[in-house]
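First chain A sits with chain B, and in the next complex the same chain sits with chain C.
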Partner chain A sequence: MDNVRELVRRFILDNFLPGEDASNLTDSTELKESGILDSMSTLKLVTFLESQYQVEFEADDLDAGNLSTVASIAALVTAKQRG
Partner chain B sequence: MSAIRSLAGLLDQTAREFPEKVAVTVPGGRSVTYSELSALSDRVRDRLVHRGVRRGDRVGLRLHKSIEAVATIFGALKAGAAYVPVDAESPAARAAYILNDCNVKVVVTERDLEANLVDALGALSASPAMLVLDVAASRPMEELLDALQLSEPAASVASVETGADDIAYILYTSGSTGNPKGVVLTHGNALSFIDWCSETFAPRPDDRFSSHAPFHFDLSILDIYVSLKHGATLVLIGEALGKEPVKLAAAIAAERISVWYSTPSILSLLANYGKLARHDFGSLRMVFFAGEVFPIPQYEALHAMWPRPRYFNLYGPTETNVCTWYEVPPDAPLDRMSTFPIGRICPPNRGSVVNEHGDCVTVGEPGELLVCGPNVMRGYWNLPDHNERAFFTDETGGCWYRTGDIVCEDPEVGYRYVGRRDRMVKRRGYRVELGEIEAALLRNPQVREAAVIALPDAESGVRILAFVACQQEITLTRIALKEYSARALPPYMIPDLFAVVPALPRTSTDKIDYQRLRTVA
Partner chain C sequence: MRTEAAVAIRPVGASAYLRHWSSIGQLALIVLVAHVYQLEGEPFTRVLWLAAAGFLVSIALPLRYRLPLFTCLSVAAVFLVFGLADGAWLIALGLTLIAICHLPIALRARIALLVLVGAGLAVLRINVVGSPWSAAIWPILGSMFMFRLVLYMRALKSDSGERTWWSSLAYFFMLPNVAFPLYPVVDYQTFRRTHFDADEAAIYDQGILWISRGLVHLVLYRLVYYNLLIDPADVARLSDLVQIVLATFLLYLKVSGQFHLIVGLLHLFGFRLPETHKLYYLAHGFTELWRRINIYWTDFMMKTVFYPVYFRVKRLGPAKAVALSTAAVFVTTWLLHSYQWFWLRGGFPMTWPDALFWGILGALVVRGALKELGAAKAPKRSARAWDPRMGLRAAATFFLFSLLWSLWSTESVGQWIWMLTSAGQVDVEGIVLLLATFGVVALLGGFDWEASKRAGSSRWRQPWVRSLGALTMLLVIALPAVRDFGPQSWDKALASLQETGLNVRDAAKHHRGYYEQLDVRGQINAAVAATDGDRSQWLDAAQAGIIRTREDAMERDLHPSLDLVWNGRAFTTNTFGMRDQQYSLQKPAGTYRIALLGPSHAMGNGVADGETFEHLVEQRLNSQQESNDPRRFEILNFAVDGFTLPQELAMLEDRVLQFAPDMVIVTHYHRGRTMTEAYLGKITWKQIPVSEELRAILARAGLDHVDRGSVPIPTEMGRALAGKLGLEPRMPQGEFEARVRRISDAVNDWALERIATVARENGAIPALLALNAVIDDAPADIPNIEAIRRAQYLVFDLFDVFPAQDRALLKVAPWDEHPNAMGHQVIADALYTQLLGALPPEKLSNLTHP
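Showing the complex of A and B:
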């Protein structure tokens, strides 16, 4: 779970916030309303997680709330891994 | 030419011809027939007239995509007013600027969008009458009108006759000085384009048109009025569904959409993420795209999944609606390194390519595309300086709109797009003036300097980079800058990347050195 969080955090930092200090992106930083994740960057993140963890996201997974923080994204991935 | 001289006249005619046909439907939601839409928009008209709306006035709408929004548009038109759709997804301050700029008499909005908007209007000392829908209700518009009718009865009035020169709608686009500018379009402008669509695409009453673009985006004009003129059904795709490729693909198949119109960004999204192989898209017969360049590899990915429909590249700034068009040849091999032509001018409009002195260039040379004819807007709302720069009058009195787009003419296929004359870029099909982003960043008191550039991007078309220098003793994080931008700008204008720098590079004349910024980006 912690590893998943770190990987999600690293992906967001590298792709959507290059140059940002990693400590500023906390587990609970709001990602949607803050403009960090828009529809396109969300799809990129989901595609990355699907290939990284061999899981599949369904359309409803992308609804607001499920992917709004590093913690909630990691929790969703972990739940999918447990199947 | 159509004998009908107003957009509301199109609805009247179709409601007589096809009263029981479904006019508008929401996937998984309600539908209305033409007679129901006609009756509902009559009631909206009566209420607007009761609130003081008269011929030539403006009516604002800040509504999510809905049957209520369509009824509001026709209610405003029947009252003789122009409608002004503002983005429900953009900050309330921007919406308030627009509604105040064109001095709307009434605003129709929704409960959850109302409070911020009233505050933002109040900050501008504007207080238009508000009609507020409770979208949680099962029939929001009917219930609002019923309630108002009890407390404040409105008389039933006749629709106001409007002519071709009356303003039909004002669509605001990004403005380089920091504020959006209103493009004023008449019934004649709209009908010229709609009639051209009828002749060129031969829509049918059994067609099902997508309505993907929001109503403040000019793609909506084709969706709403061409569908309605021909007695077809308009399938409303809301903001959330429109961005989720898997659900969107399922909806296109389930709704048996036959005419699709969107930006290439959305088509790429469907091709790459929509899991299109899951569905049967046998109903699709025409796909229109507009607003930006459609990379040919992306087109090929889509075409492999959707081989049946005809594909059309439609080009034109909001100021002319669509003014050139190109049909992708169904079987010809495509040059993946090239881009689709924007094609030939839509008659009866005329096009001309000129150099910086206003002289026509020889065929094949690049120059600015000018457009003259019935599609061309009346002008920008209340911006005489912009109008002076936007139009060029030739020796015969013909009024030409300067598109700002550099094109060259290829006798085989028509015009090819080359680039821009200024700092406007397209992102997801939306016009973005980099100057508007800079102005918004500079409104942040913690920001001392800001410069924004756009770089080409293979996947998304363009990436927007913002360079920001903070006030002394202040360090803004990139997250803070994203958050600020999300509050200050529409979603499609939020920069992709931020660079926080001590100071911006300057030229010898103390102007921001954009060339240097490009080299360090």
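Showing the complex of A and C:
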């Protein structure tokens, strides 16, 4: 789970927060409320996670609660991997 | 909901007050600001007091009691605003809908049942069958359930978390909702998930900040509404166009202000909901704007339309899937805005400006979304530096969206195109306004405010510092001493911040934009609710059958020899079609005869025959003469519902002169110009013959020959071209109204001068009665005053005769601003006094001033 968490964090920093101080993105940073994740970046993140971990997301998985922080995203991916 | 064990231990009881003294103090300031500015009407005042009292109780309670308290307060607010009977209906209907959601049957069956019950309620909403509750509860019932049921059912389907009746009731009857029909679409899962999920002091601070921000937005809205908004028909120069385009978009401050207030109030009870609007005037593109303006709606659409459609069609490839799902969002949004209109106002409008607005915006957002999808990475931004490219993008987005918003706010596409083409005169003021606004938005939009927020917060960015600053500023600018400090325009602008009625344009036309019209809180107070049932039975003059249409310049008059009851009052006309007793054509010897001309409030809409001010003054004049004195007074009431000055002139020439009046009184009032515009519309479209002089004025505005084909084409050039292409063009309504606007004052000037001339030529004194209906928003000056002076009218100035504090008592009904019997008595008293000074002394015997 830690690996997933780090990968998600890295992906967000590289793709949605270029130039941002990495320490500003913690596991509990509110991704949506702080404007980091919007509809398009969510789709990009989902596409990345699907290809990286061979899992498939559904519309209901994208509820704000599941994607609110790096930690919750990692938890969702881990749960998906477990089936 | 989280349990108490899951959150940090908080002080309860008296110690809570010490911990939250800052929030309590600021909440007191909020109540004071709302009172000083009379913000958002009586229902909000009640809800705010209830919320403030509830907050004081809530912070002292253990966590497990706070949600039940909030639910009880929410239910109490319903009764506080609607009273017992309607409140009970609202709660009962709501409980029925919630109970259906929980029936022990399949989900699909429950959804089908909800749709069925919704259809039944819709039938009642359109009044096909009468409902036992007041019409005033519809907007709130609709607001509570029209979208939230969708999110609630969705949560029931997918969510296995803890759920209680308290949370369900709190979600639907949410405390502030009863005062705000236009309400953010709060997500049920977020509502539950965020309840006291962080430090409560921080939640309260955030709530207070958002309430304060909401108050600032609402006060700024008044500044725009009362000082900047003009009528599209008045656009003649570039500065007018820039002003109206900016002002219509800035009016949205009301929605963002209300939503901040609502979510801020919810924070006071622990619901740490996200922000509803985020710097939407500084968005860097349409896609970003769509995400920042009404964020709850965007999220609702994401959940219910965008993601479901995307995952269904993603096999087509990312670009096609994004385009299709975004298009689906905008089609749904367009339809749901009409659906929202239905529950809040009744009716299901589908207009071209609506379709074009959502269509164009949808296309722009799709384009932006595809561009974002194609971009490898987000551009690198600095939190501190100003980026000129971003600044320019923000300014361009602001202007283009303002223009698009102005399309949505006009009554027709024709009116919008005409408005754009009318601004042919490029004035310096317009260029300065354009450049200044562009510069300000570019300057502010060049910074990345989100990045700056993430980078950390200084002491000055602390929520309590910002909210205290905003509240103090609002209180300071409300001080009379501050208003006296600057020039007159400053004083006027600051005074407008505390106004509550319609602005001059709306008062005259009773027209408002989409969100303005959805703000139906006027209906939602107990007084209106109590009488609303009578309103459906209320008949206007045409429905009552008293009006006869004519094909000459008078256009209408009263049926002669009527004897009927209209809205519960006796209404009779004599054989000459006057709303008056019978008079002889021949003036009796020794009689001083006054002819009264005017519109509905002079005719006496809403009062019985013996209650009109004309009758009261006549009776009083004669009652003070000695009984054997042959000198009598007659006031002949020639007023007709809907009459304008040109019609009063036509009546004078057609009928009044044969009665040989000694004085002719015409009535002029705040809606004189608007009514004349409507009259000019009728005579033009119906091709009614009018005098050469009036025809010449119409020709000045290009209205002597109006194309009457089937295809609306703006501008004469456009219609000429369309004619050559074999089409049958007609002038669009918006253009017609704008052309009429250009001459309506000239028509009234002409009618006033002509009436005075005709009266004098026939031995009568021309007099003018300046008299409004019982309204709050009358302009300060009598319209057409220069023409009145030129024509040397004797003026009876009753323009502001109804004392502000008594107006509610002097109206026929809450929805009808004609004066009632008491109102006519007020007019009669004032007119009698002024008339005495104007009557020839030899006609008076014992008459004295009252």
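Following the convention adopted for this analysis, the second predicted complex is superposed on the first by the 83 of 83 C-alpha atoms of A that agree within 3 Å, B and C clash if a C-alpha of one lies under 4 Å from a C-alpha of the other, contacts with A are read in each partner's own complex, and residues count from 1 in each chain.
Definition applied: a contact is a pair of C-beta atoms (placed from the backbone, for glycine too) under 8 Å apart; a residue touches a chain by one contact, two chains touch by 3 or more.
All of these numbers come straight from a predicted model, not from anything done at the bench.
S.K.: Of the two partner chains, chain B (first) and chain C (second), which one does A:52 touch, if any: first, second, both, or neither?
M.R.: neither
S.K.: Please determine whether it is chain B or chain C that touches the greater number of chain A residues.
M.R.: Per-residue touch count on chain A favours C.
S.K.: In the superposed arrangement, which partner chain does A:62 touch: chain B (first), chain C (second), both, or neither?
M.R.: A:62 contacts both chain B and chain C.
S.K.: Using the superposition on chain A described above, determine whether A:28 touches chain B (first), chain C (second), both, or neither.
M.R.: Neither: A:28 stays clear of chain B and chain C.
S.K.: Which partner does A:18 reach: the first (chain B), the second (chain C), both, or neither?
M.R.: A:18 contacts both chain B and chain C.
S.K.: Identify the partner contact of A:43: answer first if only chain B is touched, second if only chain C is, both if each is, neither if none is.
M.R.: Both partners, chain B and chain C.
S.K.: On chain A, which stretch or stretches are contacted by chain B in one complex as well as by chain C in the other?
M.R.: Common interface on chain A, chain B vs chain C: 16-21, 24, 33-35, 38-40, 43, 47, 58-59, 62.
S.K.: Could you list, by residue number, the parts of chain C that touch chain A in their complex?
M.R.: 158, 187, 189-190, 193, 274-275, 278, 287, 291, 298-299, 302-303, 306-308, 310-311, 318, 322, 369, 372-373, 377-382, 450-451, 453-455
S.K.: Applying the document's contact rule, which stretches of chain A touch chain B when the two form their complex?
M.R.: It comes out as residues 16-21, 24-25, 29, 33-36, 38-40, 43, 47, 58-59, 62.
S.K.: Inside the complex, what are the residues of chain A that reach chain C?
M.R.: Per the touch definition, chain A meets chain C at residues 14-21, 24, 32-35, 38-41, 43-44, 47, 57-60, 62-65.
S.K.: Across the complex, what residues on chain B touch chain A?
M.R.: 243-247, 250, 269, 273, 460, 477-479, 482-483, 485-486, 491, 494, 496-500
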